Amino acid sequence: MTGLNKVVQSYQDAMAGLVDGMTIISGGFGLCGIPENLIAEIKRKGTKSLTLVSNNCGVDDFGLGVLLPERQIKKIIASYVGENAEFERQMMSGELEVELTPQGTLAEKMRAGGAGIPAFYTATGVGTLVAAGKTERQFNDRDYILEQAITGDFAIIKAWKADRFGNLVYRKTARNFNPMAATAGKITVAEVEELVEPGALDPDEIHTPGIYVNRVIQGTFEKRIEQRTTRASGES
Amino acid sequence: MALSREQIAQRVAREMRDGYYVNLGIGIPTLVANYIPEDIAVMLHSENGLLGMGQFPSEAELDADLINAGKQTVTMTTGASIFDSAESFAMIRGGHVDLTVLGAFEVDVNGNIASYMIPGKLIKGMGGAMDLVAGADNIIVTMTHASKHGESKLLTQCSLPLTGKGCIKKVLTDLALIEIKNGKFHLLERAPGVTVDEIIKLTQGELVVPKFVPEMRF
Amino acid sequence: MTGLNKVVQSYQDAMAGLVDGMTIISGGFGLCGIPENLIAEIKRKGTKSLTLVSNNCGVDDFGLGVLLPERQIKKIIASYVGENAEFERQMMSGELEVELTPQGTLAEKMRAGGAGIPAFYTATGVGTLVAAGKTERQFNDRDYILEQAITGDFAIIKAWKADRFGNLVYRKTARNFNPMAATAGKITVAEVEELVEPGALDPDEIHTPGIYVNRVIQGTFEKRIEQRTTRASGES
Amino acid sequence: MALSREQIAQRVAREMRDGYYVNLGIGIPTLVANYIPEDIAVMLHSENGLLGMGQFPSEAELDADLINAGKQTVTMTTGASIFDSAESFAMIRGGHVDLTVLGAFEVDVNGNIASYMIPGKLIKGMGGAMDLVAGADNIIVTMTHASKHGESKLLTQCSLPLTGKGCIKKVLTDLALIEIKNGKFHLLERAPGVTVDEIIKLTQGELVVPKFVPEMRF
């Protein structure tokens, strides 16, 4: 009677089954709401030839950027990759394949992947490099391009709280891409700050229902800040 | 005198209306938040999933889980809401954001905009910019009128890879406020002390100049 | 400085601007989570030739069914309409045009309408009457049909709580179609059980952000139950 | 003896596995909830936006805001979650539901199913049925093997408008459990006391009968 209990005890178990050449979808925006320890485990495992789908690729020494030095990433699908020197080097030298995708299109591709929608039309990217090779069609006299869904062998996400059924809630803007990524993985692994008892999360307030989540692990997080901007105290 | 970054922000802020939902891009557009008229209420949208973006946090308020699209730590205003990236871009792409302010490298007389890529030089990605320009009806582009070398950024045809096609209707530069329609630039206002001739000289695309071009006041 | 204050005081104001021939998208599933009083106001106004988009059409004397006797509805787009004798009569006689749409496709069409997606592919309905006249295409060796988005001149929805900015939360399964309907109206009107002060709703727990909502009105609700099923107390 | 409604539900319940997310249609499928083996944990999905559907409420628990897809008042189990209809059908259409049980008027040897419409007679709409049959891999159709007049409902080709094309692999009738593959029905089990000949007689589509057909036990 443990079938609905998604909790695993080690990061090895959390990423069990990940092998070379797989596609991983990751939640997170910049360094906010990223599955820090799942990424660290992928680095530790040394899995290679990965295709990564993520809005960003971290920085040189944190986030998905840590997978770059050992060349674990073959291809990345992302909207913004500009915070990372090693990334730029690998991209410019052609060692790393980069598929730049508009942020909204990327979010929608993940959602579509999880929702069984193989493709959708969008105005984003019409008349740009993004439209190259894509079906174009008019609706109500406006041009749109057809974008296809993305799914992954794994989805790795970060949430705030989970129960053992895999029900998740996120905190503030650490939500970002995590809910869509959660729906789009064949195996979805969530790492969380806090494990709570079933029933502790209000059913009306669950962001990701457990049906999308295969494994849950509780971790501790550095939560590094990329742009620390503050105002002087008292200033308004 | 060319407008300062702050003056550009100030002038953009005058385009806001009571009740607007506004997305401010990174850079100069972010400064616009400082000049919202006090007699109107607007709500700032940040495309990473926040409506009701507030000012920077005090040290005590600092929260790694609360950032804006520029990855800066921020706060929330009363009545703010949080949502995922698909929902955030549903707001943008579905036309629910009333005003979008963003920067650019170039715009042209057909309303095309290039803002995200300089081939061989700057390839950081488009982020949400392509969604913003395709989704919004009411966009103001802020940029300098010309490069440091005097090359116009208001062109007959953009030379860099496009961010969006035929979607820009208004540009505020350090020299002028310009409307784009019917395949031409139209001069609406000029910066204080800047002559129409200076603007003409630095505008490569066809510029329609009315008899009287009001000067901006600050 | 009232631009963000969406609260209106009367149902007349709530539905101001509705005229003959418009399209209205309604939230609700059966009689659960329906905008009872907004529907009553449409009946009172006597607006005609309406196109209604709603999962169901209520029952004979409650929900959207009350718009049938005076023939206010020209066409309905719905997934299930089987609880209503007058509805059946008008449909069979051809007085009422009915476009039966699978429930998931209907929900997705509303979401797409609100999200600026003009059309999407789905496997639902392939090889059925629903596919008639629609573009078909294969992705990964499977057949899909292209479905187009729906938007409305008005969207009428029911929520549990709102603040004056139009931020909404729903209660239990009264959520159903309301969040998607909210995004798809040119004018979206929400009626709610409770108005709360801004800040009273946790930003992480808001279901419909106020950006989608144009008008909010507080009402009182009958909340009729369609199938009252209970177990004997003590039985488990 | 043909299976009773309760026995059909009981037999279906044996197809459940520990950890399954299950959608039960209206009618006989709903009864399946009463026979879930005690040693496994499953979660019931109701397509109006509820995962973790519980039993009917007591009078005290009755809540107009908490219903199932059949519009019946229900309760929630511990760990339940609520979501909107688009999310609910994302679960169905995205293949996240492990087992779907629904009724039908007819099925045929190619896995087609007709379940929502009898032209000129019954036009209530397909509700979520078309989404369920298109989205799920693992579907069990429950129905009577033949009409009261002895007309088979397991056909060479469905005569009524289809709910889905080529999507049904398993049918449980009051007489037999049948698999559909390679354009044929395959007899897997028979109801207690029902002979293979009776089943053959009431199956219009081609039926493959193995040498030994086990009898169901209750």
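Should a chain be cited, it is by its letter among A, B, C and D, assigned in written order, with residues numbered from 1 in that chain.
Please note the rule applied: a contact is a pair of C-beta atoms (placed from the backbone, for glycine too) under 8 Å apart; a residue touches a chain by one contact, two chains touch by 3 or more.
The UniProt protein names, listed by chain, are A, C = 3-oxoacid CoA-transferase subunit A; B, D = 3-oxoacid CoA-transferase subunit B.
From a predicted model like this one, the values you see are computed outputs, not experimental measurements.
Chemist: Does A-D or C-D have the larger number of C-beta pairs in contact?
Modeler: Spelling it out, more C-beta pairs touch across C-D than across the other pair.
Chemist: I'd like the Å distance between the centres of subunit A and subunit D, where a centre is the mean of that chain's Cα atoms.
Modeler: One centre to the other, that is 36 Å.
Chemist: What's the distance between the Cα centroids of subunit A and subunit B, rounded to whole Å?
Modeler: Spacing between the chain centres: roughly 28 Å.
Chemist: Subunit B to subunit D: how many Å between their CA centres?
Modeler: Each chain's C-alpha centroid was found; their separation is 55 Å.
Chemist: Among all residues of subunit B, which ones touch two or more of the remaining chains?
Modeler: In subunit B, the residues touching two or more other chains are 76, 82-83, 86, 89, 92-93, 135.
Chemist: Using the touch rule from the top of the page, what residues of subunit A touch 2 or more other chains?
Modeler: Counting only residues that touch two or more other chains, subunit A contributes 108, 111, 115-117, 122-123, 171-172, 175, 203-204.
Chemist: Chain contact topology under the given definition, line, ring, star, complete or other?
Modeler: Basically it's none of the tidy shapes, so other.
Chemist: In their shared complex, at which residues does subunit B touch subunit A?
Modeler: 46-50, 55-60, 62-68, 70-74, 76, 82-86, 88-89, 92-93, 112, 117, 123-131, 134-135, 161-166
Chemist: For a test of understanding, state which residues of subunit C touch subunit B in their complex under the given definition.
Modeler: The contact residues of subunit C facing subunit B are 1-5, 111, 113-117, 163-165, 167, 183, 198-199, 201, 203-204, 206, 209-212.
Chemist: Which of the residues in subunit C end up touching subunit A in this complex?
Modeler: Listed in rising order, the residues are 108, 112, 115-123, 137, 139-140, 142, 144, 148, 169-172, 175, 203-205.
Chemist: Under the touch definition given earlier, write down the residues of subunit C that touch subunit D in their complex.
Modeler: Touch list, subunit C to subunit D: 29-33, 55, 78-82, 88, 91-92, 98, 100, 102-108, 110-111, 122-130, 160, 171-180, 207, 223-236.
Chemist: Show me the residue ranges of subunit B that touch subunit C in the complex, using the header's touch definition.
Modeler: For this pair, the touching residues of subunit B are 17-21, 39-43, 45, 51-52, 76, 78-83, 86-87, 89-97, 135.
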